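Shared between the two complexes below is chain A, which pairs with chain B and chain C, respectively.
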Partner chain A sequence: MALLEQIRRKVYKLGLVPKITKRLPLISFLLGVLSCIWILYLPVDGQYRRTYISENALMPSQAYSYFRESEWNYERGYRDEIHKLKDIESIFERNKVISEWLEAIGLNTAVHQFHYNDANKTAGHNLYGLFHAPRGDGTEAMVLAASWNTPDGEFNEGGVALVVSLARYFSRWSIWSKNIIFVITEDSHYAMRSWVQAYHISLDLTGGAIEAAVILEYPGEHDYFKYVEVIYGGLNGQLPNLDLVNTAVSITEHEGVKVSVQKVKENELNRNDYFSRCKVLLSGIKELAFAGLKKTNGCEAFSGWRIQALTLRAKGYGGGADITTFGRVPEAMFRSINNLLEKFHQSFFFYLMLSPRNFVSIGTYLPSAVLLTVSFGISSASIILNSKHSESQILMVLPKSFGLFTISFFISSLLGVSLMYIPVSPDIIFRVLMSSGIILSSQSLNYFNYENNIQNKTFPMIRIKINLPLTVLHSLLSITLLYTSLVITSLLVVHFSIAFLIGICLLPLTFVRPLRIGSESLKLRSFVNFLCLVISCPWTIILVIGVLDKDFGTPFKVMEGLLTSWRDFEVWTWFIITFGWLPVWLEIFSYCVIS
Partner chain B sequence: MDLLYWNISNFVVLVTSLFQLNFIVASCFDKFPAEEKLVLTPLPTNYLLASFMFELDSHSIKKIELDEITNDSNYQAFPKVLGPIFESTNVTELHLKFARGYWDAEKWGKLPNNGEFSGGTGVELWSTIDANSEEEAFAQWEILVNYLSGLFCASMNFIDKTTTTYPQKLFEDTSKYENRYLLRSVLPKEPVCTENLTPFLRLLPTKGKAGISSLLDGHQLFYSPWHSMSIDIKPKLNSSKGELHMSQHIDQLINIPSTFEYFRSPIPKPVSGDALRCDDNKRHDLYYCFPKESINNLSYELKDLFGKEIENRLLIGKGKSEICFDSTEEWKISGVTETIEGISINKEPPFDINLSDKFNVKIETSQSGKVKKIDYPNIFVSRSFTGYREDSGGIRIVFKNPSLERAVRLVYFESLPWYMRIYLHTLELIERLENLIIKEVYFQPSVDRKRPGQIELELIIPPNSIISMNYKFDKSLLLYSEYPPDANHGFELDPSVVKVIGDSSRSEKDYFFRTTSLLLSLPTPDFSMPYNVIIFTSTVMALTYGTIFNLLIKRLINEEETEGNSKNNILKRLKQKFLVKLKSTIQKNKSQQ
Partner chain C sequence: MIYPAVVVAFGAKLLLLSWLNSFSSDVLDNFVELSTPITSFKSLREGLFLLNSNGNSTGLFRISNDLNIYDGGNVHIPPILLHLLKHFDTLPWLNFIYCVLDSLMVLMFININLKFKQHCINFYSKIYKKLIFLNTDNNNIYNPNLLSTNSTRFNLILILIYCFNPLNLVSLLSKSSIIFSNFFLTLSIYSIVNLSSYESLSLIISTISLSISAYLSYNTLFLIIPLLSIFGTKKFKTLFIFLLSCSSLLLISYYLNQCNLNFLDSTYGMIILFKKIQPNIGLWWYFFIEIFKFFNDFFIGVFNIYNFIFIIPITIRFSKDKENKIEKIYSFILIFGIITLTKSYLTIIDFNFVLNLLAILLLNIPLLINYLKFPIVSILIIIHSIILSPIFYYLWIFNGSGNSNFFYAINLVFSIGFTSILTDLVWSYLSLEYLIENKLDSKDEFTSFDQVKYRLIQY
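On to the complex of A and B.
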């Protein structure tokens, strides 16, 4: 205490408070930069950890796997028949054949019928078979799934054949203490999601609580592949328990096959240096933030019911590993999961992978987002502290500025919700939004408005607002920045990726400053404001993502994903944008224009 | 000719020896009212249902009457361990069931014996007790469950107020007796295993050493996909002396090919190329093989299926000891009797096994799919959880009546743990025909830590309909110490019981069956958290203590005083003196240079 007292006295003596107050904008900016550095520093040696199996009961690869040799013949037999089904367009007809096979094996099968939200598509059919656990009370289940078509549009011949031959193989074991459900869906996007939803709402044939799910992808009819991609994404910032991912990685490597996370290319599999780790890390953040907006890999479909799910994808042709090796991975994984008496709870649920065997846990990466929230908080404080208004003045105008903030919040949320239900194609919506975003931002070039008053006539609304005193504007800006800080704080733990990305995207808004008439740099200032507004506009970011991310291709796809992902997948991203991001942008925009 | 002569002479010897034997037996022992029976029923897709039944009557076991007869507590063949239960408590009936696995009614039809003796997953106990009040009945019940817990090596001692229910409509109507209470409890998590089988067999007059019970073996029984053991003790019908009737049942479902495969190798190891069973109609060569699943030819012996032979006979039983076979003409069955005199073969079931020292049954068919017409139940019921939240959820029960013209009247019974707070107003039927379907509701809400919730519904399910019933519940937080070990496993819910009320005009019996149990996941704390809390609290307390201590014992002075004091500080004065000296010496040195 004495020490603190001394420091306080020193600070007071040196007059640090006003000095620091003056430099608060700089501090805020530095914190933002530090946040980025923090993330980029994580892949440096010593900052990350090596993965380990936390739940002792899992014991991956401790038992010998027998899905080999003669099982390969059966697998080929099934695959040959499935190859013939490729020409049958109707999924219903295909499922009928598979259903007969599963019934012959001794499973109970059922067909789940669902409707696409797309009016052009006919009803979809998912097939599933239930194997009752010979040991155990039948209250828990594991899911082995494959879709007829992979997200890349290939025919998942090997995947479906593996599901059927593993069903046959598993049903001959007597060790299972959890029911096993074999699911074959039309695609790994909406069809699989609708099955999982129906399982928890309306299906009659159920096998208890699903503990874990493994989705298999083995496109093509070749026997050999090169390496395995482990895809572990979830929706709304959820990830499968790290133990499951570790189990998959450890088993695959035990089988002598290389593992790729975050779609690392084959030639980079052996690399484990700063840049490779950094790439995986950033890709992990990006994928998690956009999960559910693009074609999902299947594992996302299971997100949300305490189900740990991941997708195994065989990559490459003609490598050293054969299809039964690929089948032994789910076999050994199921044996591990079968050992569990409790649900997955030991290891991490929030983590970022750096390589198949390296990760950083939430405690290590979270500070970067915390720094961002602090940065916004400081900017907010700096606006009030440096505005030279008295406290009473600020307090007087608070209701007014809150009112203004509420209006913009209301407008943007109304816009957000209504856009989801407007039957207009996302292309048009995006074009309108983007152009309106640019036009609005250009309003901030008030400097030019003085020269020709035309624009002010086109937007008469703005003229009314011009009368607002500076106090209101300052408190409005401060409230807005504080709100941003709160949005990021509340998302921080549940959805780090989105919190971090929104924080970074909104950071330029802290540089927006009021125009002081008569100041020399008026032209420059208004141009900076314009730039900041354009950069932090959600539509600009969507445009950039759409162009850069190959999975999207166009920004229209991003828009489509945003608008439909709530309906199809219960993804909140669109709401986060319209409730957290857009109001802030609108507020700061109006602040710019009015000042 | 020789052979014929040999056979005849054999037969003569056999018959004479039998007479001799009977004579010896009769002269040595009394025969007791014991009877046993094994029924083998082939089911589709190469399954076999083996039902073991053991019936036994007791002499009167009430002490006073016992004294009159034998003058000591001799229960005769009736197990001596069970006697004291009935002596020391006012238990009038006792029903105990152990079961594991899944009976697929859509494939195999009704449960054996109309489901009267088949339990749901885990252990189920119900009993009627004569008592003056419910409390007294419960006190007796507690004695009973603790006694049975030790006897059957099951965790029945964990049965307490929070798991005990009082069914009203499900079993017999106790209202016709004065002061009779029916109590029931279920342990759905209890794994049934060998340690429950051994005490079960010990209750038999033959102790599992002779007669058909000698077939029973833990490995074989617990390998089966579904098995159920039950003990039912009731007062003997039309008897006034308080004599009891005990029936023990073991029903097991056996998958014949998989059992033999399991005996050959418990692990499904890869087989050699010529052992592959391929479908000839599909591509098959050195690499390709589409598996052929259906096996029509079956030929096996009971000895191989159970891994044991029937040895010795039930010599002390008055009743029969026989093996029955229940199937179509496509099945050839022969009983092989082995005595000292030789082997004889009987082709006409039922077989009386009391005629031999060793007995074996051979079963053969070339069309294993042709079995007796399956008697399907009138109704199928399935139950599952809905919702995904940690704080609330729902239950969905689906009733399927496939019959085109018959409506089904049933009683649906469900007991729910107190930490599942159900809302009866959310109970809804999807078909919106509440009044037509629900005839009567008996609902007892749960009391926290005291009583489980209980729902009993009398329903009429219209013909050709699928009706789903939903209700919602809240999950409550348990106290820290109330979580069981392995808390993250979740909490098992009792299987619900369905009684299909038989049509008395068709002289149908009531049919009982149970749904599967469910796993409820409650919000579970991180159990290492309290230690973190302790550490944080301790730190905060230490800091607070330090500050307050400082405030209390230190003198308050203003800033000037502090600075003034610091000038007079001895250390500072010393330091200044030293500095002055140092400076002067340096200056001296410089001037010297």
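On to the complex of A and C.
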């Protein structure tokens, strides 16, 4: 305490407090920059860690895998038959054939019928078969799934054939202590999700709690492939336990096949330098933030029931590995998972991959988002501290500014929720929102009013005549920034990617300053305000994402994903935008225009 | 103006309670931040059901007459309360009772605030004429003149803040049975601040209501020590009344409970021995899920000692001046804060009730605000931990990606925030006392503190 007291006296003597107070905006900005640097510094050697299997019971690839030559013939046989099914349009008919095979192997099968939320589509059918564990009590299950069509729209011939042949192969073993469920769905998007949902709610044939799920994708009829893509993202910031990912990676590499995470291209598989790691890292953050908004890979469908799921995708034609090699990966994975006596809990649930064998854990990357929250908190404090208002004045106007804040909060949440239910196409919704965003932002360019008190006619203006004292505005701004900080804090651990991205996108808003009459740089100031508002507008970000991300193509797709993802996948992203982002933007916009 | 406002608020709350019935019972009652096995509404309903089905039930679900309600191990509410509420075992009636108690508490808070303000003005202006109290700057909310001239308006704001503060609203909506205990504690404080008018009557009322409060929730039992210090010269009378009323309450309970003492174990034993280990925002639970069984008794002892160990020293420190009622009431509320902090089954509701009481102190001794060392830090800690607590619980219980450490970590942060508020209040009161005793009345000492920016360097 004596040391603290000395420091305090020193600080007082040097007059550091007022000096620091004056520079708080700069400090806040620097913290924002530091947070970006932090993320970019993670791929530097020494910052990340090499992956390791944390749960000893897993023992990946310790048992010999027998899914080899003899099984190849069965696999080929099934594949040839499935190839014939390609021409049959009706999934129901296809499932009938597969169901017969699975019944012949000795599984109980059932068909899950579901309805798309899209009125144009007919009812869908998912087929699943249950293999009862010879050694287990039937309370736990593992899922092996494939969809008829891959997210890219290809016919998942090898994947479905592998599921059937692995079903045949697994059913001859007596080692299983967990039930195995084989699922064949229409697609890996909504169909798979609805099956998982139904499994936990309404299906009659069930096999206990699902511990882990592996989704296979092997499009095309060729025998050889080049490398395996491991896809592990989940919804709402959830990830499968790192142990499962590690098991998949180590087994695949054990089979002599290269692994790619985050869709790294074949020619970059051998690279492990700063830029390749950085790319994987950033792509991981991006994919996690947009999970559920675009075509999902299947593993996302299992999010939310404590199921660890990942997708294995065979890539390339005519490589060194054949289709049974691809089959041996789920085989060895299932043997590993079968060993578990407890749920996956040993390893990390929060991590970012840098390469198949390198990762950073939450303790290492979380500070970057924490810095962002602190940055918003500091700029919130600096508004009050630098405003020359006395504490009591601020306290007096707090109810008023809270009222204003609540109003804009209600407006944006009402808007957000109603947009989800109005039957207008997302194209139109996006166009309207985008243009209104631009129009509103351009209000801040209205600096002529301050100079000459003349209404500017170049912009489609909405005249706002509200006179609020500066105290109210300052405390309003301060509350808003504090709210932003709280939003980011609350998302920090649950959904790091969204918290980080929203924090970065909102950072420009801390530079919005009121126009002062008589100030020389009025023009510049208002232009900066305009720019900040436009950059931080959610619709602008959606536009940018839509244009840049090839999975979306257009911003309309992003909008559609945002509006439908809650209904289809229980993804919160739209709510985060309407409750966390939009009110802040509206608040700062009104601050900017009124002042 | 006050009474209509309270009535309107009462109506609004009653509507809200009946409208959000399923929300209260399905959502809020499952929040560990709001409901504990001891105070949950479900437990109350269970007790009432068991009591009512004794004797008058027929047919298939007949329960024999001699079934004891505490045998099932799910009811932890004292018998007298259950027997009083027995005839109101329908949701509308219970909602009505909750709202009535809440509104009465609002009225009492307003009165406590008013009376306490008078105490403060009398006391401080006597000693210290040049204080900010006489400052006529109208923009200063610390100016008591401003407050007293607009006192109706001020009270309306108080009602508004009390009734629609999210924490208060959630406390009411979750229908925790702690409200009964809190009501009697408020009544006790109410009669303490009204002491000057009818001394012996208020002594009796405050002591008896404190004993009822202690009977209902056990932890407030320790408040008898600061109460004894408040009634200074009439210590023995107070103690006698307290013991008499406590023992008669227990005696009545004994007879109501079919001459069986097992209610002691399932009400107070449950709280003291922490028998139902369920997560809450308090400090206890984590230890008892982590430690080996043979440490159990030791930690039970340590935590229980913690619950009252600070009471006597604080009471002694805050009763230097025999004439000064303010410091005693101050210590009474502070001690209640400490008891709450170290309680076995702590909820946000308890914390919120303490905050309401502390607000009264801060509103009426506004100079204290100047001597708080880190109010902004404490407030931020509390806000963040209250927001993060359900999130971490969700990660632990529902998502499976977090674990109990996450939740307890945020509980610790919450407790740090709570502690920093309490210690800050002790510090600021003692600083104020020091300044007054040493007549440090230079003008800038008091006026310049108004701005936050000098807060860090004021000493």
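The rule is short, and it goes like this: the second predicted complex is superposed on the first by the 577 of 595 C-alpha atoms of A that agree within 3 Å, B and C clash if a C-alpha of one lies under 4 Å from a C-alpha of the other, contacts with A are read in each partner's own complex, and residues count from 1 in each chain.
Here, contacts are C-beta pairs under 8 Å (C-beta built on N, C-alpha and C of every residue); 3 or more make two chains touch, one makes a residue touch a chain.
The structure presented is a predicted model; accordingly, all values stated were derived computationally and were not measured.
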Considering only touches as defined above, state whether A:T139 meets chain B (first), chain C (second), both or neither. first
Output check: A:L4 vs chain B and chain C. Expected answer is one of first, second, both, neither. What do you get? neither
Touching A:R306 in the superposition: chain B (first), chain C (second), both, neither? both
After the superposition on A, what does A:R76 contact: first (chain B), second (chain C), both or neither? first
Could you look at A:S490 and tell me whether it touches chain B, chain C, both or neither (first, second, both, neither)? second
With the two complexes superposed on chain A, say which partner A:T21 touches: chain B (first), chain C (second), both, or neither. second
Let me test your reading of the model: by the given contact rule, A:K343 touches which partner, first (chain B), second (chain C), both or neither? both
If you lay the two complexes on top of each other, which residues of chain A touch chain B in one and chain C in the other? 306, 343, 345
Over in the complex, which chain A residues touch chain B? Could you list them? 1-2, 9, 66, 68-74, 76-78, 80-81, 104-106, 108, 132-134, 137-140, 168-169, 172-174, 200-206, 208-209, 304-306, 341-343, 345
Residue ranges of chain C in contact with chain A within the complex: 139-142, 157, 376, 380, 383-384, 387-388, 391-392, 394-395, 399-403, 406, 450-454, 456-457
Spell out the residues on chain A that touch chain C in their complex, using ranges where they run on. 8, 11-12, 17-18, 21, 238-239, 306, 343, 345, 349-350, 377, 381, 384-385, 390-393, 395-396, 399, 486, 489-490, 493-494
Chain B contacts chain A in the complex at 45, 100-102, 104, 106-107, 121-122, 188-189, 191, 223, 225, 255, 258, 261-262, 266-273, 275-276, 278-279, 282-284, 287-291, 293-294, 382, 384-388, 396, 398, 400, 466, 468, 486-490, 492, 516-519, 521, 524, 546-547, 550, 559
